[in-house]
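Look at the two complexes coming up: subunit A is in both, with subunit B in one and subunit C in the other.
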Partner chain A sequence: MTQIGEIALWVALVLSVWGAGAAFIGGRTRRGDLALSGERSVVAVFVLLVIASLALIAAFLGDEFQYQYVAGYSNRDLSTFYKISGLWAGQTGSLVFWALLLSFFSSLTILQNRSKNRELMPYVAGTLLVVLSFFLIVIVSVSNPFTLLPFAPADGRGLNPQLQNYWMTIHPPTLYLGFTAFTIPFAFGVAALLTGRLDTRWITTTRRWTILSWFFLTNGIIFGMMWAYVELGWGGYWFWDPVENASLLPWLTATAFVHSVMLQEKRGMLKLWNMLLVLGTFLLCIFATFLTRSGLIESVHTFAQNLPIAYIFLGFMSFGIVLSAALVYWRRDQLMPDAHMDSFLSREAAFIGNNLLFVAAMFAILWGTIFPLISEGFLGQKIAVGPPFFNRVTIPIGLILLGLMGVGPVIAWRKASRRNLQRNFTWPVIVGLVTAAAFWASGVRHIQVLLTFSLGAFTMTTIVVEFMKGTRARAVIEREGVALAFVHMIGRNRRRYGGYVVHAGLVVMFMGFAGAAYEVEKEVGGMLPGESTEIRSPFGDVYRLTYQGMSFYEHTNGYTFAASMEVEKNGEPAGIMTPMQRSFNQRQEINTEVGIRRVWNEDLYLILAGIDDMAGIAQGTNPTPAATLRILINPLVPWIWMGGVIMALGTLVALWPSEPRGRIPAEGRHGAGTAARPEREEEHELATA
Partner chain B sequence: MKKQRKFMLGGALLVGLIGYLMVTGMRDSMVYYHTPTELMAQVAADPGYHDMGVKVGGRVVPGTASFDQRTLELRFDVLDIEGGTAQFPVAYQGPLPETFEEGGDVVVEGRFTQAGVFEATTLLTKCGSRYEAAPEDYLS
Partner chain C sequence: MKSPDRASIRSALAVSLRVAGALLMLCIAHPEAAESQRQARPNAEEAERAIQQLRSPYCPGLMLEVCPSATAAALRDSIYDLAAEGATSEELMDWMLARHGEEWRGVPESSGRGLLAWLIPPLALLLGAGAVFGWLRANREDATLPGGEEVGGITDADRDRIAAALREWEASGGEEA
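Entry: the complex of A and B
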């Protein structure tokens, strides 16, 4: 039955190649039938990839361990939910999943534009099919999920316990939705270059796709941070790991593009720059997929020993870079700006500054990430750069951007007058300075914290003032009540006010990052039941932790040790926390499950780092086992997640169509639906079990 | 056009600032990445290499790992993943990393002390999500 999956992949590849050829030739020779065949191939490839994906899921659900991929990521005891997530748990399956999502978005684009953009569409379809062909070639040649083992093992190796976590299950699909959604603006950009129709039409057509992609990229990165925080058990959420960096790179250029595109729409500036950002962001999405799935950088092997997949990906990226550069060079005359910048004190300058910073940050992070490869290639020595490098570069950039975020949206176009500056910035500057003074007075001497909060307060004030001014103006002009005016104002300018909300969320998130400066950490070795320890948070709260005892229990596919810790905050009882260590039968590793007690301003974070005499506890012969605990207080970490939620809401406001004819948000809901579906199936299994 | 030159200069200043941060950041956080055999050769050639922070990628020698649950001290020997003859002990203090196992591949960062022990400040185990088993692993 699952042979169908492999056949579907091959047919999809043949159709993609055919469709790409037909679409380009049809577009070039203006043969409508060929172009139509190309566009229809996109939809057919989507259907075939659905079949292949279902076949792979069926192989997981049917415990068909003769497939190497299934055996490597599943076992009989694994819950249905994680069996389904096996589709994207490893490299081979996740490439199929990537292609599936891309073909889905591509088909939507084809349907959306079946009577629009007729000049561009053959080239759009052709470009999308070239990308799909590339992924399908990789899949069938070197990364086939339907590869059979020479024998059928009795059971699989199971899914790595670290991946058996809700955030980890939705993190990769969310990022992939972002990566694949950005392929649509890329395809339109290439089509615009090929046809020479370089007016703003291709940009307005793909505007929502860009924001949709940004929405998924942002959330995907945040989900990854949440996973690292709760699952990796070292109290942090970002480690400048190559894989994390890889997902941040396209986000940085996509964010730059979301801003710079406004300069092209309003003033006809930055046409060349915007084109480069779109092409570059797509290539970085490919790079990120490749890096996360090949393990090239952090691998202890040298480059030459890596799989052929590395060469295929590098070949495709080189092809993309050369082709993009050639196309842009060919059309360079049409990409000249209609206007120039007039003053440093202008919205244009703020946006261009923002773009330079985002792109500089991208290059710096890219450089630091691939430096081990560069140094190995050119110096014959593998040299790594650590977190201090990334912090040194990105913290100043982040702080400047935090301030620019308050300036850009409100400063005048072209050249700000003195009056404009006074009117817009007097209050924000006062609030920023007062905040800085208040923090200084309360003893904060940490320069990054002072800057984050004063710049954050400045930016937040500009946002609040914008909302107030807009609401008041509308209430007066339309003679509406304040609440109604507020809602209508946002409804009429969704992109603008949604953007402000995103900015507000980012300010909150930055303040959350700053909390790391006051992190408190304590390690207590060999605690015996009944013993207590105290830790004082930077906000002055005192937590008293009493170790009550260790429980041991077995479950279907492993066992768990859990320490019971009674918590008192400032002398008041504050519940029980149970940091754990889990082990799974199929894998040897131990997996720590941290305990987190969250209040609005800080997390108390407990790691069960060591357990004396595990065997004695398991056999019940040791009633007083010693435990070693690592205790952290992570100030303001809840603000990071809160900021993320605000950003997501703001993006949804910007994404919502102003006119009823828009279709994209409905598509967005479909995308979210694929992540939600497995849960229901798990319930189903529980009910029948 | 004179004005445009001024803007170019402004942009160049901004990019220059980032470049400066990158260069100084590189200087402070660069570490060499060695195999155990390479490290032994370096230390033999230049005793000053003992004080250098380095990263070493190697394989945990089966039967050498011990972990004290109270002091959280982890000790094990590493050797080259492929070929090579050098083997030396590593000491690391902290919770046992999640995917640590004997025979597994690790990256340790720290210094190779005069006493002949590699004192690791960070210990990374090969990330499980990218681990693909070889067919023979299923036979057991």
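Entry: the complex of A and C
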């Protein structure tokens, strides 16, 4: 089976190269047979990559340790779940997985467009196959998962303990889904540039792909934060690590694009800018992959340093940048706007402002991430850039964006009148100011917290008012009940109201971030069974933790040391928490498993930082060793995850296909003109978004 | 028909007050409690300031603040001890960097070569904002007739009428009239 896998990879490479050539030549010479061959190659490559991936999974499940990759990331005791996740646990397998997902999305695109966009499709297929060829060349030349060891070891090294976590099994695939899905808008962008068909068709065709990619990128980043929070044991969820930053860069430009694309769809503005965002986002996805795999920048997330891969990726990125720049320059005249901005007090201006800030944030983070390399290369001294730099640079941008989230969706297109401003912003401004005053009165002096909550309240009020206005108007005009009017309103304007829900989730998330300002931490060393310690949360609750003793037991793949901590909250029993340390047979390292007790407004977070006599408890000579505990209270962290869920729901609402007009019974509507015209839905969304 | 604006604004007020009320609940927070616990050790603020700006020599890629190793905990303790003796955050950083090397500085200095790290992002933002502003101004001028009248210019009253019509159209599901 594994031999079939390797053969499948080689055949996939040959087909990708053939398909890319055939598609481009077919498109250029208008030879339908060649173009079709190129498009069919995409589907064939997908089938071959499925075979290769299944072969690799079979090698993991069959404990075939003669393969270097399997021996490096699995062992006999590993559960089936983690053996399957071995496919993306290491550098080599994750590249196969990347290519597999890309070929899947590419095939879907080909199938979706069998009878649409015929002029663009050969070039779309060609571009997708060039990207696939690149990944397949990397895989078969320097990162082959089927490379054999000179001998077959009896057992493998096992999976890195920190990767043996639920969130880690879904975080990389979700992020890869986001990276690969964005290749589709990129391919359409390149095709539009090559063919000169730069109207809005390529944008509307890829709209759902863009949102889908954004959905996966957002969730991939949030899953990574969850993994860091529960697994790394430092008490935080985001550390501005280079690899974390790398995943955020395409997210920022993709978010900018999701907004600015509306200006192109509605008013024919920002064509050049949108094209640059699409091309740039894809290149940043490749940059993220390069950064994770090259090991050039020190990070807790990277795979081992691999210079050949680094150079190949660098070459591909350079090729992508030069090609994109050349194509954009070539078509610059066709990328000029159809309309201009009428006023700085308009939705267009708000969207342009938000785009500028998103790109500025991306640039600042990119700059901070590569500054150690730049300083070493050009200044002769490696200067590290840690979290305080990123916080100082990005928090002000984030706060302005938080405010703009309230302004953008409700300010008028073209030019806002004084009445428009009064009508839409009076109450949100009042609520924002009242919130700031209330927080100030209650003793909150942290400027970022004050700004976050007041701007958050402002934005949330604009969203609530928008929902209320829409529901009320619909209820009156359609003579529907409020609940029905609410549901119908969202159903008919999914993109718009889904977007509002995403904004609401982001507001909740920002408030969760602000909680970090009041984090409480305490470290207690040498705690003996029966001893207690107290910690007071910023919300005034007092937690009393009593160390009951240490448990030692064998788990599937090693040993666990678990400290039992009895928790009382304000004198009332609140259960037992068990922060742990785990050792793994194949890996000589100790892994921390934190204990978390979550309530709606805070997490009590326990880390078992040290065990005084680990050998004693393991040998049974000292069953009650002293323990060192780090105790943290992380205020509002649950809001971050809650915000993430709300954002995901909002994106799903926006993604869900709109109900075609024809399905609505004509007699249920008032007024004329109820003919089924699904395309009008899109226009209407744009007009009101 | 009764103007939906006035009514919806009234309802909006009610909802807004509810939102503000919910947010006010958060004001039950006691930030001073956090402050008092942080300052359980003398001069702890200085120590924390220094620790937050140092990378850990024991956990590659991590800051000293969060490095979970026992050696890092010992180093943090030493910094707290020195702070308790009256050392400032600058002195604490100098002490640590002298012992372990300049490469463990986690944040670029705001002078010398490190200044470049701090200057470029705001400069880029200013340049970007300037370019966008200039471009938009130029485009606006293009869109203005010689007499100063805007191309296709409409009055505020027109805009309000259009906005009201659009809202009605939108509420009815966006059908053609």
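Please note the rule applied: the second predicted complex is superposed on the first by the 649 of 689 C-alpha atoms of A that agree within 3 Å, B and C clash if a C-alpha of one lies under 4 Å from a C-alpha of the other, contacts with A are read in each partner's own complex, and residues count from 1 in each chain.
Here, a residue touches a chain if its C-beta (ideal position, glycine included) is under 8 Å from a C-beta of that chain, and two chains touch if they have at least 3 such contacts.
What you are looking at is a predicted structure, and each value in this text was computed from that prediction instead of being measured.
Asker: Overlaying on subunit A: subunit B and subunit C, fit or clash?
Answerer: Aligned through their shared chain, the two binders clash on subunit A.
Asker: Just subunit B (first), just subunit C (second), both, or neither: which does A:A384 touch?
Answerer: In the superposition, A:A384 contacts both subunit B and subunit C.
Asker: Is A:T560 contacted by the first partner subunit B, the second partner subunit C, both or neither?
Answerer: Neither subunit B nor subunit C is touched by A:T560.
Asker: For A:A360, select first, second, both or neither according to whether it touches subunit B, subunit C, the two together, or no partner.
Answerer: Touch status of A:A360: both partners.
Asker: Which holds for A:Q548: it touches subunit B only (first), subunit C only (second), both, or neither?
Answerer: After superposing on A, A:Q548 lies clear of both subunit B and subunit C.
Asker: Is A:N591 contacted by the first partner subunit B, the second partner subunit C, both or neither?
Answerer: Touch partner of A:N591: subunit B, not subunit C.
Asker: Counting only touches as set out at the top, which of subunit B and subunit C does A:N113 meet: first, second, both, neither?
Answerer: A:N113 contacts neither subunit B nor subunit C.
Asker: Contact-wise, after the overlay, does A:G526 reach subunit B, subunit C, both or neither (first, second, both, neither)?
Answerer: Only subunit B is touched by A:G526; subunit C is not.
Asker: Now for A:G610: first (subunit B), second (subunit C), both, or neither, which partner does it touch?
Answerer: both
Asker: Could you look at A:G233 and tell me whether it touches subunit B, subunit C, both or neither (first, second, both, neither)?
Answerer: both
Asker: Mind telling me which of the two, subunit B or subunit C, contacts the most residues of subunit A?
Answerer: C
Asker: Between 40-48, 76-84 or 112-120, which subunit B stretch has C-alpha clashes with subunit C?
Answerer: 112-120
Asker: Intersection of subunit A residues contacting subunit B with those contacting subunit C?
Answerer: Common to the two interfaces on subunit A: residues 233, 298-300, 340-342, 344, 349, 352, 356, 360, 364, 367-368, 371, 381-389, 393, 397, 523, 592, 607, 609-610, 628.
Asker: Note which residues of subunit C are touching subunit A in the complex, please.
Answerer: Touching subunit A: residues 1, 4-5, 7-9, 11-13, 15-17, 19-20, 23-24, 26-34, 37-38, 40, 52-53, 55, 59-63, 66-68, 70, 73, 102-108, 113-114, 116-118, 120-122, 124-125, 128-129, 132, 136, 139-140, 142-143, 150, 156, 159-160, 163, 166-168, 170-177 of subunit C.
Asker: Can you list the subunit A residues touching subunit B in their complex?
Answerer: Per the touch definition, subunit A meets subunit B at residues 65, 68, 71-72, 89-91, 149-151, 153, 157, 160-163, 232-233, 243, 293-295, 298-301, 340-342, 344, 349, 352-353, 356-357, 360-361, 364, 367-368, 371-372, 381-393, 396-397, 523, 525-526, 588-592, 607, 609-613, 626, 628, 630.
Asker: Which residues, counting only subunit B, touch subunit A once they are in their complex?
Answerer: Contacts found on subunit B: 3-4, 7, 10-11, 14-15, 17-18, 21-22, 24-26, 28-34, 55, 57-58, 67-72, 81-82, 94-96, 98-101, 105, 107, 109, 124, 126-133, 135, 137-139.
Asker: Would you pull the subunit A residues touching subunit C in the complex into a rising list?
Answerer: 233-236, 239, 241, 298-300, 337, 340-342, 344, 349, 352, 356, 359-360, 363-364, 367-368, 371, 375, 379, 381-389, 393, 397, 412, 414-415, 417-420, 423, 426-428, 430-431, 434-435, 438-439, 441-446, 453, 456-457, 460-461, 464-465, 468-470, 472-474, 476-478, 488-489, 492-493, 518-523, 535-540, 592, 601, 607, 609-610, 628, 635, 661, 664, 669-675, 677, 680-681, 684-685, 687-688
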